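Chain lettering (A, B, C, D, E and F) follows the sequence in which the chains are written, and residue indices restart at 1 in each chain.
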Amino acid sequence: MRKNLVHISGRLVPENEAKISIFDSAVMLGDTVTESTRTFLHKPFKLEEHIERLYKSLKVVRNDIGYGKEEMLRISLEVLNTNLEEYGASEDCWLVHNISRGISIAGSDPTSTSNEATVMIFVQPMDLRSWAPFYIDGCHAVTPMSRAIPSQSMDARIKNRSRMAYTLAEAEVKLIDPHAQSVILDIYGNVSENKGGNVFVVTGGVLKTPTTGNCLAGITRETTLQLAKKLGITAEETILQPYDLATADEVFFTSTPYCIMPATRFNGITIGDGRVGPVTKKLMAAWSDLVGLDIIEQARNQLKD
Amino acid sequence: MRKNLVHISGRLVPENEAKISIFDSAVMLGDTVTESTRTFLHKPFKLEEHIERLYKSLKVVRNDIGYGKEEMLRISLEVLNTNLEEYGASEDCWLVHNISRGISIAGSDPTSTSNEATVMIFVQPMDLRSWAPFYIDGCHAVTPMSRAIPSQSMDARIKNRSRMAYTLAEAEVKLIDPHAQSVILDIYGNVSENKGGNVFVVTGGVLKTPTTGNCLAGITRETTLQLAKKLGITAEETILQPYDLATADEVFFTSTPYCIMPATRFNGITIGDGRVGPVTKKLMAAWSDLVGLDIIEQARNQLKD
Amino acid sequence: MRKNLVHISGRLVPENEAKISIFDSAVMLGDTVTESTRTFLHKPFKLEEHIERLYKSLKVVRNDIGYGKEEMLRISLEVLNTNLEEYGASEDCWLVHNISRGISIAGSDPTSTSNEATVMIFVQPMDLRSWAPFYIDGCHAVTPMSRAIPSQSMDARIKNRSRMAYTLAEAEVKLIDPHAQSVILDIYGNVSENKGGNVFVVTGGVLKTPTTGNCLAGITRETTLQLAKKLGITAEETILQPYDLATADEVFFTSTPYCIMPATRFNGITIGDGRVGPVTKKLMAAWSDLVGLDIIEQARNQLKD
Amino acid sequence: MRKNLVHISGRLVPENEAKISIFDSAVMLGDTVTESTRTFLHKPFKLEEHIERLYKSLKVVRNDIGYGKEEMLRISLEVLNTNLEEYGASEDCWLVHNISRGISIAGSDPTSTSNEATVMIFVQPMDLRSWAPFYIDGCHAVTPMSRAIPSQSMDARIKNRSRMAYTLAEAEVKLIDPHAQSVILDIYGNVSENKGGNVFVVTGGVLKTPTTGNCLAGITRETTLQLAKKLGITAEETILQPYDLATADEVFFTSTPYCIMPATRFNGITIGDGRVGPVTKKLMAAWSDLVGLDIIEQARNQLKD
Amino acid sequence: MRKNLVHISGRLVPENEAKISIFDSAVMLGDTVTESTRTFLHKPFKLEEHIERLYKSLKVVRNDIGYGKEEMLRISLEVLNTNLEEYGASEDCWLVHNISRGISIAGSDPTSTSNEATVMIFVQPMDLRSWAPFYIDGCHAVTPMSRAIPSQSMDARIKNRSRMAYTLAEAEVKLIDPHAQSVILDIYGNVSENKGGNVFVVTGGVLKTPTTGNCLAGITRETTLQLAKKLGITAEETILQPYDLATADEVFFTSTPYCIMPATRFNGITIGDGRVGPVTKKLMAAWSDLVGLDIIEQARNQLKD
Amino acid sequence: MRKNLVHISGRLVPENEAKISIFDSAVMLGDTVTESTRTFLHKPFKLEEHIERLYKSLKVVRNDIGYGKEEMLRISLEVLNTNLEEYGASEDCWLVHNISRGISIAGSDPTSTSNEATVMIFVQPMDLRSWAPFYIDGCHAVTPMSRAIPSQSMDARIKNRSRMAYTLAEAEVKLIDPHAQSVILDIYGNVSENKGGNVFVVTGGVLKTPTTGNCLAGITRETTLQLAKKLGITAEETILQPYDLATADEVFFTSTPYCIMPATRFNGITIGDGRVGPVTKKLMAAWSDLVGLDIIEQARNQLKD
């Protein structure tokens, strides 16, 4: 059993002692920005970019935590490396940042706090078992009835933990299929994003994904677009609608843990010929190349344990 | 110094030990529903109605906590009464419920949890100092640039703690006036609600407030409408727009802690003659009658301490 | 076997010969307005009102069929009575009107036709078997992902046969439950209507249904509101949202064939205590009184056959 | 007089016997998907692409007709060639596919049917007389008051026969000019499409047309964009608004029968200098080249007959 | 020839000398609020209410003109009475207020001005000839393609002279009929208002008009609702859509000059039986009673001159 | 003191005599289209393009002034050159065109007038003092609560003087900072435009600005995009949202008088490192090169006087 040391505002504590006050604005207001980075072969993938985006989120929510990106990087690597000592060579992990504004004062201005920000940094084993079958068979992509929060209410690019709307949408797609993965639409009916990832289609050989006007500017999304460019696959950031998914040749999701997750059904309709398509496969292979391990094999090995 | 005992999922612990895991879905997902009840003369005001609404929220977010409203009432009164022993006769308090889905499992379905719901029930002194001056002078009501989350994304009537959007809106109105109180508009430009309360105007003797189609179904809102009926004041639930506030004779907010908070300016424009108006005063007096104490005096006494 | 005589633009033909040209605008353009009336004890229910609404639809779609409401009533009764001769005393039927603009000329103005309107009037046995179980157990009300066509595109009050959007929405709700009944939302996320009926909730003893601003002005809806008035049940035409259905005490649909269809689940959430509620029962009884037969018994008897 | 043999679900019948039951879902629900291909010199233009799109429509409306694209192509050519035997060398025709879900069962799930799909395939002479004058003088493009059905209600890319909304919009533009051609706006006020075609503008030498986010993905539209590319004309898929049409140098429509139809007035405002412009002419010439006949001459010859 | 003395910021000048600088914010920014009152038998109708609304407009546009409603009333009556001396007994007039922020400084903050507000008050003969025929025959009500400015952009209740959008809408309806009167829709497709008046329908004996959520709070509208109440006609402020006008029994407009203007056609569709209806007639008679002269006779007498 | 001769419909008059009737549609209806051109070293910048756009505006508002662009150019240069005689070598000026439909007739069709258009052409000194400090320190960009008028109500590309909505938005941003510059959002929450200019961001070296789908097609905007191209700076016309401004490296406005105005704060948030950025500086230098004078020096010299 690993001890899993957690960083909480400067202190390192074992996971089972990693607690915060119920009066923290994280609990009282969902006032937490976040990043989740994963390792490949124990190396954090694009950690600097995650920290860059973390500080963008902090800026937009007007939370000044008192130190900058370099110090955050140093602390993060410390937390990561300390914990990785107890990981096996074939095991990878998440490195998660959660930062709230600190203790919330009842009845006062929610933007002010009585103390410093609460910085939580922790490591968790990369458990890929729920996604592993999808690399081969594809998942079932389903649109919930609820719609994404529009940017004029709160921009999806602020990566945050006020995620009840996502949880409710997820519960809706599970009504159709307990293993369904969500394709959340924006309030105009255009494809926005998955609960925790981005959505891509391949049609006539062209890769398409929504612009970041209505979804998270995913780092995995960005990396996938870069890989496509390298592979000579034409890619477009454009408006996608359910019709595009239902009639696509291929559909897949991108997100930090699984990199690429193929979908072979959409709202009960078979996508293409119902099998993971050639462009998706090419991109998964390119991801494996990029990160230095076979991402499909790693996930499927976990199923065997 | 009071010890402030907090109920956490069945245990009573002192406030400074009231902590939850950073892996709780309250922290990881903002997945918390909530109620805040206040006491008047140590008696909780409409606690049954708050618990009724709490169970509506739990139902809509699909969180089954394992016991019902009667048991919740019993526990709540226990927490309240235990803590009230240490309160002075003139002191009142909040009774707050926060309930999450429990520990969140990374990478798994966010609607499932590994254990029971996390039930947090606590008492906090009713600190009215920030609102006390407004009973006499009125506050400055200001509309933020951001807009309320539409019901098709997440219904405002689910009283919840995924409140980052409200916090950002609040930060926006503070740019205009550090003591401003928010009048959040919906995405169509109609008045929705205050960060933590409802909005009323008085025009030509008629009391008006938005329908609950785009705002919280506030218990203080409902009580105020009942008092108006009793006082013979015509009241309408209708669409309100910034024009209505700017040209109103009177404007006020309603919320659990202050009952009624008059506003005398709106986006820099003087409302009516710039003084708290007669209908507002009549309703504040009726509130004092209803709860058995002078709500203005109670608040202003706190300023003297 | 009944011969079922069908009226087609002035001729009476047996059902199996009741055909129209594939070049009719009914087929080429979905350019058909419609009404469906049912009988109770062989008497057509509010046939004059159905014909009144039919002529409103004809007016709005600018289709002048050459004769008026009185003549339409006369013909309709003729078709009905001819066919009813072959019905048993306990059997009831639909009387359906479908009227298109006639033959469509390829490439020409779709609003002009080469001949007279195609008037189709026919009778079908009232088959209540699919709804019969719902009177006792309630049905499962489900919201599709697709949204109702907004009135600025085509007003839902034009009762018409360009219904592909309704069919697609219906297919969506069947993904969740093969017996689900649709609660279609408008593009703002408010409850609009069922594929072929209207939606009501009962909350705190008050009956609520959407205004006709975004749904069909159902004759059964109107009759139900009149019965509620007679029974002293307060009723409101207002905005309803999914939250209202999930937290209602009772939910039901109204439509011509079944009058009232109780719902006991909404998107997987149990409504009230999961049983058909007292207000719904009172209204079903009032319907039985009004039409002179026990509507529940009639439906359930069909299941026995 | 040609006999015009029509294919109905496997049988070939003369046009005047080409009828379907009034209980077919084509009539009862407008539940028909469709394609219209035309011939040039008796050769069907891009028939494979039309059939490809037909099967996309079938997929999205969840109608499985029991055989695939190859068989459909074979049958289509058979219907076409049989009928073309009676056409003169200078005569061309439409080849139209209409496919419904078959007989509709009253009161039952509209997505289920009692029998096989109804497949209608027929040929009609290409009557270009109503458009012929526009090649020389340009037509009058007019925006109706009604707006296109949004994709979240039903995607315009499903080529279907539930077209009452288009017919009503068409009737509106005829109020302004009996020969007006519709420029339907979407619900946000952006240009969507013509009743049966797409809209292009030329401004400063650049060709612009809406993306398929809010209009039919026209095959003639696609072909026109390909011709523009070949001719070295810069083309953009973008947002167009009425201002763009009123201030354009040139405006034209594209659709299967006429290929390109120039417009020289927009809502009563003269476009450019009021004459068919040079880019439009170049594209019309390229179309004539592509299809091997002078499209303008063919149309204008029909006027002489 | 009357001299028509005009008040400009404190001076009385003859009409042909009534000029303002082209640098006035009225010209440079359309920054003018306004009211138009009319006389009946030389008495100004509800002048106090018009001045009340004028000061609401001034407040919302943040223009402090330096004196209050009483002084404005005194000046207005002075201008009116001076000019009325030259009017015949049967002649009536407009009393118009236009108030801008004064001279605009190029490149500076448009909300600041270099001098005092420009107050323009003038009288014009009440020319009713364009509306007179409509009292008997009804007018043609037509919806333009453009939509009303939404309240979140600028509230229609600010009676102002930045009216280019209304002028463009008016030009659109004249494309259909040179005598058409506009029924402007809001951006959601609901009836908003006429270029200078409000819209009413009568359906099944009930009078209906939009709420002021999307239209001017017309004083004639308000008076008409009061007259309806007095006459025992049920009236509702509600959502109206084109369908409601097309299928109404009666339709009419209200505005200061004509009080009530019946409409007998809507977008080319005959309203009711095509004649001015009984409720409209009753209300016109009540107006005549209220103002002490026969409004129809007065208008039609002008046609004879 | 210069005499400043103003052209009014064919006559040249001194500025203090430059007046129009208060009955002109410019005053009565805000019915004025406009252009503002500036000189650099006494030469008008892109005057032909401004006149081109002026005639587009005239066309869309259906105002035929009786003569064409060449004549307008000739008159404009005459007005400009006459006035420039009195300007010093280092002084520059605005050349402003305001054109209304002429005298408005009360109660008649607003699109018709009793006489010719009112053409106002005048010159004003280029006063840059309010913007001069922003070249060095950057301004504070602020979003108002009100939203831009949508194109379906009135297209922002019609450069007009019905600008009350802009003035109200400007008053709102001044509540936050008396020197704030507005970033007006459209009704969907996307960045539209500044009161009198366009908005650009620089992020990761890429220049981004909204498409003209929701803002004025600024000539300075277009020129800036051309300069960027020349400098090898990648530029995109895209959707921008408040998040993009808050997290940008650089933000600036473009408008005729100041060419480029850097912003270093957005809604109170520091942009980048709070200083004018390198891309902005490069573009300002390119502007100075293009127009042949140091635009920053010219502006700052005015502060010294």
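The criterion applied here is as follows: a contact is a pair of C-beta atoms (placed from the backbone, for glycine too) under 8 Å apart; a residue touches a chain by one contact, two chains touch by 3 or more.
Just so it is clear, the model here is predicted, and its values are computed rather than measured.
S.K.: Touching both chain E and chain F: give me those chains, sorted by label.
M.R.: In this structure, the chains that contact chain F and also chain E are B, D.
S.K.: Report the chain pair from B-E, B-F or E-F that duplicates the A-D interface, where duplication means over half of the contact pairs agree by residue number.
M.R.: Match found for A-D within B-E, B-F or E-F: B-E.
S.K.: Among all other chains, pick the one whose mean CA position is farthest from the mean CA position of chain D.
M.R.: B
S.K.: Determine, using the mean of C-alpha atoms as each chain's centre, which chain is farthest from chain F.
M.R.: Computed centres place C farthest from chain F.
S.K.: So the centre of each chain is just the mean of its C-alpha atoms; given that, what is the distance between chain A and chain C in Å?
M.R.: For chain A versus chain C, the centre distance works out to 45 Å.
S.K.: On a C-alpha centroid basis, what's the spacing between chain C and chain F, in Å?
M.R.: From the centre of chain C to the centre of chain F is 56 Å.
S.K.: With chain centres taken as the means of their Cα atoms, state the distance from chain C to chain D in Å.
M.R.: Between these chains, centre-to-centre, one finds 33 Å.
S.K.: Quick check on chain C: which residues sit in contact with 2+ other chains?
M.R.: Counting only residues that touch two or more other chains, chain C contributes 60, 62, 147, 150, 152-153, 158, 185, 187, 189, 242, 268.
S.K.: How would one label the connectivity among the chains shown: line, ring, star, complete, or other?
M.R.: Contact pattern: none of line, ring, star or complete.
S.K.: Give the pairs of chains that touch; include all such pairs.
M.R.: A-B, A-C, A-D, A-F, B-C, B-E, B-F, C-D, C-E, D-E, D-F, E-F
S.K.: Any idea which chain B residues touch chain A in the complex?
M.R.: For this pair, the touching residues of chain B are 6, 8, 15, 18-32, 60-62, 94, 96, 98, 106-111, 120, 122, 124, 126-128, 130-131, 146-150, 152-154, 158, 160-168, 170-171, 174, 187, 195, 257.
S.K.: In the complex formed with chain C, which residues of chain E make contact?
M.R.: Those residues of chain E that touch chain C are 185, 188-190, 238-239, 241-243, 246-247, 268-269.
S.K.: Within the complex, which stretch of chain D touches chain A?
M.R.: 56, 59-60, 62, 150-152, 155, 157-158, 211, 213
S.K.: Considering the complex alone, what residue numbers of chain E touch chain D?
M.R.: By the definition above, chain E touches chain D via 143-145, 147, 172, 175-176, 185, 187, 189, 242, 267-268.
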